[in-house]
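So that we are looking at the same thing, I have put the structure below in structure tokens.
Order of writing sets the labels: A, B, C, D and E. Residues in every chain begin at 1.
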Amino acid sequence: MEIFVYRKNAERVEEGFTANDLPSLLADESNVIWVDIVNKNEENSKEVKEILLNDFKFHPLTVEDCFETRNQPKIEAFPEYLYLIVHGIKPEETHPSNFVTKELDCFLGKNFVVTFRVEGFQSIKLVKQQIRNNTFSCQRGAAYLLHQILDQLVDLYMPVVDDFYEVINSLEDRVFLMKNSGNQVLEEIMDLRRSVSRLKRISSRQLDVLYRISHGEFPQIPASILPFFRDVHDHLQRISDLSENYRDLVNSLFDIHFSVTTNKTNDIIKFLTIFSAIWLPLSFIAGIYGMNFENMPELKTQNGYYFTLCLMALIAISLLIYFWRKGWILQGNEDYNEKESETK
Amino acid sequence: MEIFVYRKNAERVEEGFTANDLPSLLADESNVIWVDIVNKNEENSKEVKEILLNDFKFHPLTVEDCFETRNQPKIEAFPEYLYLIVHGIKPEETHPSNFVTKELDCFLGKNFVVTFRVEGFQSIKLVKQQIRNNTFSCQRGAAYLLHQILDQLVDLYMPVVDDFYEVINSLEDRVFLMKNSGNQVLEEIMDLRRSVSRLKRISSRQLDVLYRISHGEFPQIPASILPFFRDVHDHLQRISDLSENYRDLVNSLFDIHFSVTTNKTNDIIKFLTIFSAIWLPLSFIAGIYGMNFENMPELKTQNGYYFTLCLMALIAISLLIYFWRKGWILQGNEDYNEKESETK
Amino acid sequence: MEIFVYRKNAERVEEGFTANDLPSLLADESNVIWVDIVNKNEENSKEVKEILLNDFKFHPLTVEDCFETRNQPKIEAFPEYLYLIVHGIKPEETHPSNFVTKELDCFLGKNFVVTFRVEGFQSIKLVKQQIRNNTFSCQRGAAYLLHQILDQLVDLYMPVVDDFYEVINSLEDRVFLMKNSGNQVLEEIMDLRRSVSRLKRISSRQLDVLYRISHGEFPQIPASILPFFRDVHDHLQRISDLSENYRDLVNSLFDIHFSVTTNKTNDIIKFLTIFSAIWLPLSFIAGIYGMNFENMPELKTQNGYYFTLCLMALIAISLLIYFWRKGWILQGNEDYNEKESETK
Amino acid sequence: MEIFVYRKNAERVEEGFTANDLPSLLADESNVIWVDIVNKNEENSKEVKEILLNDFKFHPLTVEDCFETRNQPKIEAFPEYLYLIVHGIKPEETHPSNFVTKELDCFLGKNFVVTFRVEGFQSIKLVKQQIRNNTFSCQRGAAYLLHQILDQLVDLYMPVVDDFYEVINSLEDRVFLMKNSGNQVLEEIMDLRRSVSRLKRISSRQLDVLYRISHGEFPQIPASILPFFRDVHDHLQRISDLSENYRDLVNSLFDIHFSVTTNKTNDIIKFLTIFSAIWLPLSFIAGIYGMNFENMPELKTQNGYYFTLCLMALIAISLLIYFWRKGWILQGNEDYNEKESETK
Amino acid sequence: MEIFVYRKNAERVEEGFTANDLPSLLADESNVIWVDIVNKNEENSKEVKEILLNDFKFHPLTVEDCFETRNQPKIEAFPEYLYLIVHGIKPEETHPSNFVTKELDCFLGKNFVVTFRVEGFQSIKLVKQQIRNNTFSCQRGAAYLLHQILDQLVDLYMPVVDDFYEVINSLEDRVFLMKNSGNQVLEEIMDLRRSVSRLKRISSRQLDVLYRISHGEFPQIPASILPFFRDVHDHLQRISDLSENYRDLVNSLFDIHFSVTTNKTNDIIKFLTIFSAIWLPLSFIAGIYGMNFENMPELKTQNGYYFTLCLMALIAISLLIYFWRKGWILQGNEDYNEKESETK
């Protein structure tokens, strides 16, 4: 638990307080207090719970919600404070097309912000650096401080969203090439689909929270701070729109994959048909002259054999021409490969 | 019919009353009364109906609704009481991917809760244990008692929802393997689809009921109790969102199944094509030298036979190389199986 | 035209009036009057029109609407009366999976209900029996009488809806078996899809009408009667939800049909491939020893023939083993049929 | 430009005025004036523009909108007048499954209606006949006159909508028969899809306009006239609903077409498989006895040849029985054709 | 940075001011000032930022938004000014089926318009010419000037939208012909799908902005100017509707492509089947008479050979007739090509 206190008169940010200092700090309304609680191994859960219940006088249900870890983004107003749950994201290390979410619980009171979390947040680290360097953010009060945290958190969505774009594009290329078996590509598409719809879900719920904040629904946030929350809302709107867009793209991938497979089947069947169509009549002719009838005059002619071979060649060539004119030969995936090599 | 009465002055929960005690119990407004009616074999329907109509003075229509069993979750406000229908669920024993719902009718008055049901409810059993051990729940009044019942009921949704996730995942694996006939897997997907959409429907209707309760629409529920109902609402929201999510996953399963089938057909046709493409020309050559022309000089050469066999081998090998370069050989579902064995 | 009059003082329902009695009956506000007009062959259209316009003083447009037969459910409020169009349904005799709708025009005034229709209604017949036996419904006034008619009308939706469930289930079984040609099943699915979406449309429009009535939008309906209309609304809600559900099921049927066909094609192609893969190499070997080379030492050996036959058998068996290990043999639709016979 | 003036005192409709009479006619508020402007070849555009701007004092933007021809239905209120754009439709002569729309601009003032159009309108012709025969429509004022025009215009949608139904049904029959190549049918389905969605779009936008008129949003239309506009709204609602319905049907057509094609492919492959399965083993047997081994005792037996022929016949018959029991023979599209001939 | 000032008393537009003149120009409320800032290489970003912050006193967040380039259309109201982001589009030079968007930031104050952009805008060039020729636009004040800019910007959407229609139509023709490999067409369809959905997104967001402006939400825009913004809104509405429409068309293209591929596969398989069905039995007969049985009386007859050839011809012809009656011959894509050549 780290406590940051901005003293208005002193115009500086102090650190190094303990839980015991909280009651007196909170009593002084001119302070801006940020209490950042990390409950990693749930070791000091009991202690933390008491601080939240007794020092801050939060509703028991919200404190319970804090310690649950499967919550969705939401905001709830209480007479003395606002309680909101937001989610940070970061790309999963092993799968670039995937991401992990982590929950951040925030409380905003008249002169304090409490952040509660189980995992590390890059965004919170950044805000801490900021306020250590510059008291500017704290001067505007607790609501502005909360805005800073949310702003950093939302900004860290962007790299994940940009990664998705890369992954979708590279997957689309692979779908068109279809070098590997379709099933593997299929699995990756499905994984991507899940990730994108998760992103959509999380960002849209969070958008809802920010919409309510930025439209002045809560008196805890002064009107002069609203434009800043509106700004965060707009950034999140952009992310939500992009994820909506990506969902369409991934669904398209599925359709493409299916069509490419069908095209490929078509090409294979075409190949089989041409092959059969050429060899079957030739074999038939060979079969004719393999018959053992006694009276087959052609068999006795001098050039019957050579003539028959020529006939066979003629039939094969005319069939090839027929298929070429029908457009079944020299199509297939050749021209696609050409096009592809051009673009390289 | 079991009757629980919490006497405010005595601060304890009493049991063992009969229907005849009800009028006097209800008259004392300081009591908190819970009447739990189980109408299993409809044996004492008439008696129960009279109690509801005369002692509690419920509207005849709501009493009729109680005895119907095909209702959907709903809430109705009357001047003297609230009437709500909610549904509990439990996994079906024979099919883990399925679940059964059972209707629970609740009435909330100033100082009483009436629960009416045809089947056993795990959640009601738990609440009974609770109030026997601890009068805490009753102290807060009838509305809080109702909250306890709904809370337990909604909590029992979670295991069913978690089961779904398992079933969907295992089914997805089987779809990708496709060891069995497609039709059997298909049937299971369809069953799952139905179950998930049932879950979605039921939870979203119930969500509606809880939304209306938790947003203070009904004066029967004091403001101090609202956050507790909001908590139940949030849990149910989570379940509803998950079932929405599962519906997407199951629909994906359908698409995957279809694509896997198509990929498989593709592989089979490829196999057929390669096989035909190799044997047809070889058979043709054998056919050529099976012709009975008198003048076929090759037939008389010493090594004609061996030469022909070599030619055939050459043709077969070049065709294999051709198909290998075209990417038709050593693809198929082999690499998928490899990948799969890696993950094990 | 049948006229029923409930005389408040006499507490009984009288019948047998003619159109000429209407003005005096309507003038007595203590009467509850139900005028049921059947305009089957449009023979007395002119006469009826005059009654509606002059005796009841309905707006010319609503009277015109009455005589049209292609209206959709709607409700319109006029200062002196409510005008509503509802639809009854019954299963079509020839096709159980289909239903017919028939229009019922209702007018509700201070002390009268007018029902106008072209066809017979089972529900109206039932209400007539009711009020002949029991004046209870009439005592509560015209609005309650209207509720009785709507209630009966909506109750008669239920058997049709239940029939749909049967039809969908039996069709699903047939889709999985696919004994008949796909096209016939396909046609039935399409018919069902149309019927279900018609049901959805009609019930949801009607739901709209009942929602508006039951939420107290119209002052013609006293507050004490509203719960009864809410009850009808809930029943209709259930029907609307079920038809929504059925629409999903029928759409699933379509998907299943398509997948089953694809699976079947897959099986057939597999069969073809196995067959070709076995016979083609065997024929090739026969072709080899059918060549007429002079120097083919195998031909002269004592057991060459038997040896060749053994070789052929060996090849056939190894190919069968290969396909069996690849999982192409003993799959297909056999195991599905087995499963099916189990369930019988 | 035709001008109709209904003189209240004279109770008759006069014609034959010129643009110069307009200022004096408009000045007399007891007149009901209808100015119908046809701007076919844009010859007198300038003159018309001046009349609209100076005599009627319309906003320059609305006058500009008049002369544009690619507008969508809309309604705009100005202090002195209402401006609305509606669309008439008629079936295209060459393609019955298609229709053309034409724009009609209407202005409604206190005592005048102005209609402006580039093309001929059947509906306007009908209203002109009406008011020549009968001054009834004019007596109710300008708003009622506008209603008459809109009513006729919407009524002329109905034949087009009914035509669609015919076209969809006949196309469905052709899809099931699939006598022609699929591509031609496909093109017609696509054309139909476009037409239907155009109809949906136009009718729903128009519905919007009429909804706003008929719900009393504009004070220019007296309350007593509102039910008449509501009537037009209901008719249009019906058309909009039907076109929604048709869109579903056309989308179904697409699905059916696809399934019928798949069924057909299935049948063809089945045929190919049966054919190959029968001839391949027979050819193999013939190949066996075509081998040139010296020691093949069967070749020397008296009835070896006949015995072999019998064996072949036996194999063929058992295969046919096998396929027949598997249900691959005597299915296909035969039974569908039978069914079809029955229905004729 | 270009500054245009319309002096009310002088009734002319002056140019050639520098940033230093701004404070005095803004102070005179009778001026109408347009400051057009092009920030191409971000060279004078700092200077521009100061002008916006100090001279115009814009909120720091809006100034920051200006310098970001990935914003979506939006509008924000501040007490002293309106801030809006709109997007212009132009066709991409290399791909006609694609387009580029560029951001335009506009500020509207009491007597000024500020436009800020990174790229060149055809629309702004046009408005500059207009106001140089004609002071009319400026006389109506800053809001009208803003309307002029937006109007031109939206008008330049139209050619892009019209291009789309061409591209979609030509692509549809190519899909039906399917001369090239399906994959290339597929890629173009996907590209088009993306472009169209981008267009839809951008236009609908912009529509939102214009809706809010044109419905009088912002007091900065006088009521007399609102109809002009409504006009721009209607134009944009049209574009948004068209892009919605195009999206449907492009999705149809996808479906068509898939169906055409399936039809083609069907034709190829049909071809293969007919071919196999004819040659397999003929080869079998040749195989029969290629057997080496000693006792095969037919072989010794005089005309056995010719008779056999006739038999083969007979079989081939009857099979052809069978297929022709089954409708498998002379169908395929021939009749489509015919139809196509007719339309040329």
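We adopt the following convention: contacts are C-beta pairs under 8 Å (C-beta built on N, C-alpha and C of every residue); 3 or more make two chains touch, one makes a residue touch a chain.
Keep in mind that what you see is a predicted model, and the values were worked out from it rather than measured.
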- Query: In the chain contact graph, what is the shortest path length, in steps, from chain A to chain D?
  - Reply: 2
- Message: I need the common contact partners of chain D and chain E, sorted by label.
- Response: none
- What is the size of the turn, to the nearest 5°, that moves the C-alpha atoms of chain A onto the matching ones in chain E? 70
- Task: Express in whole angstrom the distance between the two chain centres, defined as the mean CA positions of chain A and chain B.
- Result: 26
- Item | Separation of mean Cα positions, chain E and chain C [Å, integer] | 41
- Query: Which residue numbers or ranges of chain A touch two or more of the other chains?
  - Reply: 258, 262, 265, 269, 272, 276, 280, 283, 287, 290-292, 296
- Using the touch rule from the top, collect the residues of chain E that touch chain A in their complex. 59, 61, 65, 70-72, 74, 76, 179-184, 186-187, 190, 193-194, 197, 201, 254, 257-258, 261-262, 264-265, 268-269, 271-272, 275-276, 279-280, 282-283, 286-287, 289-292, 296, 298-305, 308-309
- Given the complex with chain D, which residues does chain E contribute to the contact? 172, 176, 227-228, 230-231, 234, 237-238, 241, 245, 248-249, 252, 255-256, 258-260, 262-263, 265-266, 269-270, 272-273, 276-277, 280-281, 283-284, 287-288, 290-296, 327-328, 331-336, 339
